[in-house]
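In the two complexes that follow, subunit A is the common piece, with subunit B as its partner first and subunit C second.
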Partner chain A sequence: MSLLSKTLALATSALIAAATLTSVAQADEATGQQLFPLFSYRTGPYAPSGIPQWAGYRDYFNYINEKGGVNGVKIFVQECETAYTLERAFECYERYKNGYAGAPVAVLFTTSSGFDAAISDKARLDKLPIISVAGGRGDAVDGSVFPYQFPLLFDYWTEASIVIEHIANQAGGYDKLNGLKIATLYHDSGYGRETIQPMAILSEKYGFENIQIAVPHPGEQQQAQWQQIKRAGVDWVFFRAWGVMSPVGLKTAARVGFPADRIIGDIWTGSEEDARPAGAAAKNYLAVSVFPSGTDFEITKELKKNVIDAGKGDLKDVSKFGSVYYNAGLVQAIIYTEILRTGQKKFGNRPLTKEEGQWAAEHLDITAERIAELGATGLLSPLKITPQDHEGDPAAKIVQWDGQKWNAVTDWLKGDRPLFRDAIYARAAAYAKEKGIEPRQAQN
Partner chain B sequence: MSFFLETLITGLFAGLMYALVAIGFVLIYKASGVFNFAQGAMVFLAALAFVTLVEHGFPFWIAFLATAALMVVVAILVEALVLRPLRNRDSLTLFMATLGLSFVIDGTAQFFLGTDVHMLDLGIDDIAEDYAGILISHFDIVASLIVVTLVAVLAIVFSKTRMGVSLRAVADDTLAAQSIGIRLPVIWRIVWSVAGLVALVAGLLWGARQGVQFSLSLITLKALPVLIIGGFSSIPGAIAGGLIVGASEALADIYLGPLVNGSVSTWFAYILAVAFLLIRPAGLFGDRDIERV
Partner chain C sequence: MPSGLLSRLDAPLLPIVAGLLVTFAVIPAMADDYWLSSIIIPTLVMGLAGIGLNLLQGYAGLVSLGSAAFMLIGAFSAYNLILRVPGLPLPLVLLISGLIAAAAGVVFGLPSLRIRGFYLGASTLGAQFFFEWLFSNFTWFSNDSQSLTISAPRLEILGYSLQSPLGRYFLAASVTVLLIGLAFLIVRSRLGREWMAIRDMETAASVLGIRVARRKLQAYAISSFFLGVTGVLWAFAYLGTSDAHTFNLDKSFQVLFIVLIGGVATIFGNFLGAAFIVLTPILLDRVVLAADLSFLGDQGALTNLQRIIFGAIIILLLIKEPDGLSALLRRARQAVRNRYAG
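Our next item is the complex of A and B:
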């Protein structure tokens, strides 16, 4: 072997060894930490809704990690950009479903109702718990059919009944609903269509005329739909928009002369990013709110002092600190850390596997006292999950946009969730039958 | 009947807004045979740059002129960095280049100017008024006048000026035009600049309607059926195509949508476009390709 060949062989061996050592080091980079795959959308049409949310997540995790983590286990955030598209979300899912760099994944926050529905079957086979806070498919509350799906905190069916409850309160009682015309103007997607069935049930019970009108994605043209609403003499509009559809809808409503204080937006249609671009047209517009805005909560004060003012925050524009979407991310991050704590109580203070994450999610119990300890009183309502009920006890407030900010105009409303119980569980049973799933006998 | 008329008329107004976007495509297609997929991104960039300047306290006209200058710079860069290196390549290659360009423009605009939704107030009331029982927005009327004026100006530029004649010569026969001394890079720079200015006007009107945000880029998808129906190489075709798409999708949403329990406007325009492709492949006003066999 010539000198040149020997040198090349040695160099190649050294390179291979270095590469192997590097990959081993990378593989173990996050050992002892808990992986949180953050499926973000910082680009694309829904980026304005996403960016403040991811800041809420990251700032809270940053704060927790600075304090030593969740019982000593640090949260290892790996962000994966989906641009709110299914195909990229699937890529992200495949990348992180079994953990990353030595850190296991316990549960996955999908951050998209559409992806939640699309990944349903696969996640069941992979036994990876899927968490959708205030989103996801409504029938997944049935834990016996959907052991790996958790539409926590709030659902669109309850939202529909809360909207009707508010309208009844304004009209002077449920008996006054008879004869009213209530239109649902919805984003023509899985998310938007989710309230068709509950509104039909509510209409049948209370006697109001139920009008359903779809708006195609992304919703940049709604003239025909709002003319139809005006023409039909609609009394109230339940406005289930997302992204650009919100300001366009509010401006179009003003154009045809439909009053903003007769429009009640969905929880994803009630942020500063939804109302502000509509200008004066949004004044007095109402919305259902699960994520109150504001910076006066104890936890937000802590974040301001330790993260934002310390220059460690994720927001480029700190004026969004405490906005609806920022607080939505913060609430979701709190729920995640509480799932970890719940699991750690049973399995020990270490990173959890997905099987342990599933148990933890099914036994989550965030009481009012615990919320106070977390400094989140007023920000988060109590949440108790069981193997049978994967949602908890949903509640929401109605808020109103005054041109500058959102103000609560009601206390927490509960709606009429028991009214839907049979329909929801029948839908879950039909899904189980279609997919050949044997509903498990869930045990506490 | 008045509701039908109201739907029809507001649809026609919406169609003129679609046509405004489609005109930008036509200009570039006429001069270079390229379907510029980045036109939507240019609309977004122009509106975002304008609204950012206004929010930083610049008066309307300063912001408008500065944004117009930016669009000219973009045109020069596109010619130098994308079109010139790809000269003499087939149109599919150039189309793919504009597809990539759209991502570059979208990403660069959002990187430097942010992803927030901005409100854009042009000072034009967007409240409907009653005209003989039909509600029509003042904004729609003003926007239509702007589109008509823009088309008139473009028509004069194309027919009465030396530059316009050069553009038409390039559109008719690029090689012949070059042989008589017309410089292709200059023509491309001019035509991309004019398309950039059209994008600025479109961006302001669309931005005032829906807020300035990334979704402005997606109006490319609205322009496509307009172009198929009207023809890729005709400005009157873009107007006619826009009117047909705007009116038909508004009527379809109202009268056909309830029959299928959903919204139909997204796909209805494309179905219409496919029908036109079958009957009149070059569109209503497009140039028919005639080849010697």
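Our next item is the complex of A and C:
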């Protein structure tokens, strides 16, 4: 290539680049639709937990759109690959925060705890409601300090109390907890450390011995930790792993002779991807589950008939249909459409703006009857959000791995959320003070 | 003073004035939030990181695979300075954070006195892992925050808040302009010339009376200073929050690629490299979005395809233009000049 043509090529590509990037203001091809920016990670280290989730989202939206949309408003999905990095997620955020191609954005699902924490301040300035289902920062439940942040459905503090509730049920009552040894084996990260404080509170109340053991990221070596557990004569292990740490932990437990049915995994430690690689060591292993797996729910059957069998599904590997992560995506998609319906009831059947989206998210009320109508009984627990409480009514089941699949061994457990209320709201208040935020007066 | 300084730098006045005008008048007037927040600020900051590494690698000929570690030190130092020393003005915070990173750079540069090349790379890799571990295991550094993240304190200069995209742009741009000036001063000074002598032939340099050990440590210190300041900007002017893993090995490699693609031993080339690294993935994503390529496969296949194309472009570029984008640009300019001069 001659120098001139090389330079020309470079200049042309720079021009094309500029033109493509400037075309943010697109033709209004999607006017009348509601934008759902899907911040996906189909590449990178967490792709295996991402791919089935995005399929859950997309299949449900597909199904809703084929039936005419949400009260006639179609959902316009724009996927934006983040590879689970903050930088890419920021670009996606800036690209879609004001809508796209004539379709407005009502609420934004952050799909990663790290990004959810990082975007918190920006979203507050942009007045864009951000939603993180069963993840995100715990103190954001205080809607007066975090008007635009919604850690919906579940949190790790409640999870800790559900684990204790289950152990108490097995032991024959809360009074039997006194003297038991309960170890928390956690991934040494922000996510992993979330349960240190609630376990301390619970231990003080019920008198069990609280043992906290950290595993450094990524956790492919846990011999020392499990030996410590075995030596200490621990009765139960609350296992808060992520990624490769889960199967390694289960295998190591089997090697030192700690029974799998005395290990209770975290919600992100309880998928097929966590248990299956551990093989026989995972049999009878327990886990907390907000996203029960299975294909027997009414809505899953509908999806199977109308989307999967019709060849319109997003999954390449159809065996993932109904898996924990697929159903996680499905549950989140259902919550999203219900937020839209809530807003439409007040503002009319049209695409909602972000102000309307914020109102809708704060007044979301998915009752048991509504869940039955949606065909999601057993898949989703009732959820009611208020301007003061941005989480709702957390509940989870305990599930058990039988070597092939997860089976629920309890109904929805509620734990003891009121026990933590003061501690969580105190954290929110401290945050408000550090940042100089004036807590909003509660209004309905 | 300025005219004397400029003539010593052999810098033409016109391009400098034009550059400053574009930086502080044209861009702020024309760019919207999207351009500022997700394209211009990251390009500027990563370009600056490129300069940091280029001083070390391009000019002094020393290797480093731990650039991100020094950015990390800068970011956490700034956070703690603002938090624990109330009333410290932002420019001083930036300066001190840079100096702390520089001190760490000297410590991890010590092995360069004994070992060379590939082995030296391994020792800087040590810095990368050590500081990531340090800042994620000692919660004091993140003010005992449960999530181990540090979030931007209120950024302000003389009471003027820099929280808006424009404010953050001005912060990043002013620091960048100052540091570009500093970089030029350094590489054209005796220090820079001696670095290049060491790079080209260390034995000859020491025979000439250059104090090699001292110069090498200075290279690590100055490079780390640049990287430390860059880290503050990356964490607070661009991201807003970060944790130790924001500055992982990937980031170190990104900085390395910026140097290779932009051009080794250049200053402005780093910004070309940064623009390439920051923009190409976004562009590819946009192109895939605009042109309906669904016939090539599903969404998952398309995202992977983008990564393949990105990698292919880098390889092609380095084969066709091993001296980087800046060499291509320089020769193009020369060609145009010859045509009109002759």
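For this structure, a couple of remarks:
Please note the rule applied: the second predicted complex is superposed on the first by the 417 of 444 C-alpha atoms of A that agree within 3 Å, B and C clash if a C-alpha of one lies under 4 Å from a C-alpha of the other, contacts with A are read in each partner's own complex, and residues count from 1 in each chain.
What we mean here is this: a contact is a pair of C-beta atoms (placed from the backbone, for glycine too) under 8 Å apart; a residue touches a chain by one contact, two chains touch by 3 or more.
Being a predicted model, the structure only gives us computed values, none of them experimental.
By the touch criterion defined above, A:Asn178 reaches neither subunit B nor subunit C.
Look at A:Val215: by the touch rule set out above, it reaches subunit B but stays clear of subunit C.
With both structures placed on the common chain, the touch criterion links A:Arg231 to subunit B but leaves subunit C unconnected.
In the superposition on chain A, A:Lys251 makes contact with subunit B only, not with subunit C. Legend: residue contacts after superposition of the two complexes on their common chain; A:Lys122 is shown touching subunit C, with no touch to subunit B.
Within the superposed three-chain model, A:Ile51 lies in touch with subunit B and with subunit C [touch as defined at top].
Once the two complexes are laid over each other on the shared chain, residue contacts for A:Ala278 go to subunit B alone; subunit C is not touched. By the touch criterion defined above, A:Thr43 lies against subunit B and subunit C together after alignment on the C-alpha atoms of chain A.
Residue contacts after overlaying the shared chain place A:Asp188 against subunit B and subunit C alike.
Common to the subunit B-facing and subunit C-facing surfaces of subunit A are residues 42-43, 51, 188, 217, 316. By the touch rule above, subunit B contacts subunit A in their complex via residues 3, 6-7, 10-11, 14, 106-107, 110, 114-119, 121, 126-128, 135, 137, 139, 206, 209-215, 218-219, 222, 249-251, 253-254, 257, 261-266.
Against subunit B, the residues of subunit A that register as touching in their complex are 42-45, 47-48, 51, 188, 212-218, 220-221, 223-225, 227-228, 230-231, 243-244, 247-248, 251, 254-257, 273, 276-279, 281, 316-317. Here subunit C touches subunit A in the complex through residues 33-35, 37-39, 42, 136-137, 145-149, 151-152, 154, 163, 238-243, 246, 279, 281-283, 285-287, 289-290, 298-300, 303-304, 306-307, 320-321, 325, 328, 331-332, 335, going by the rule given at the top. Residues 1, 3-4, 6-7, 10, 17, 20-21, 23-24, 40, 42-43, 51, 54, 78-81, 86-88, 90-91, 94-95, 114, 117-122, 125, 137-138, 188-191, 193-194, 196-197, 217, 314, 316, 436 of subunit A touch subunit C in their complex.
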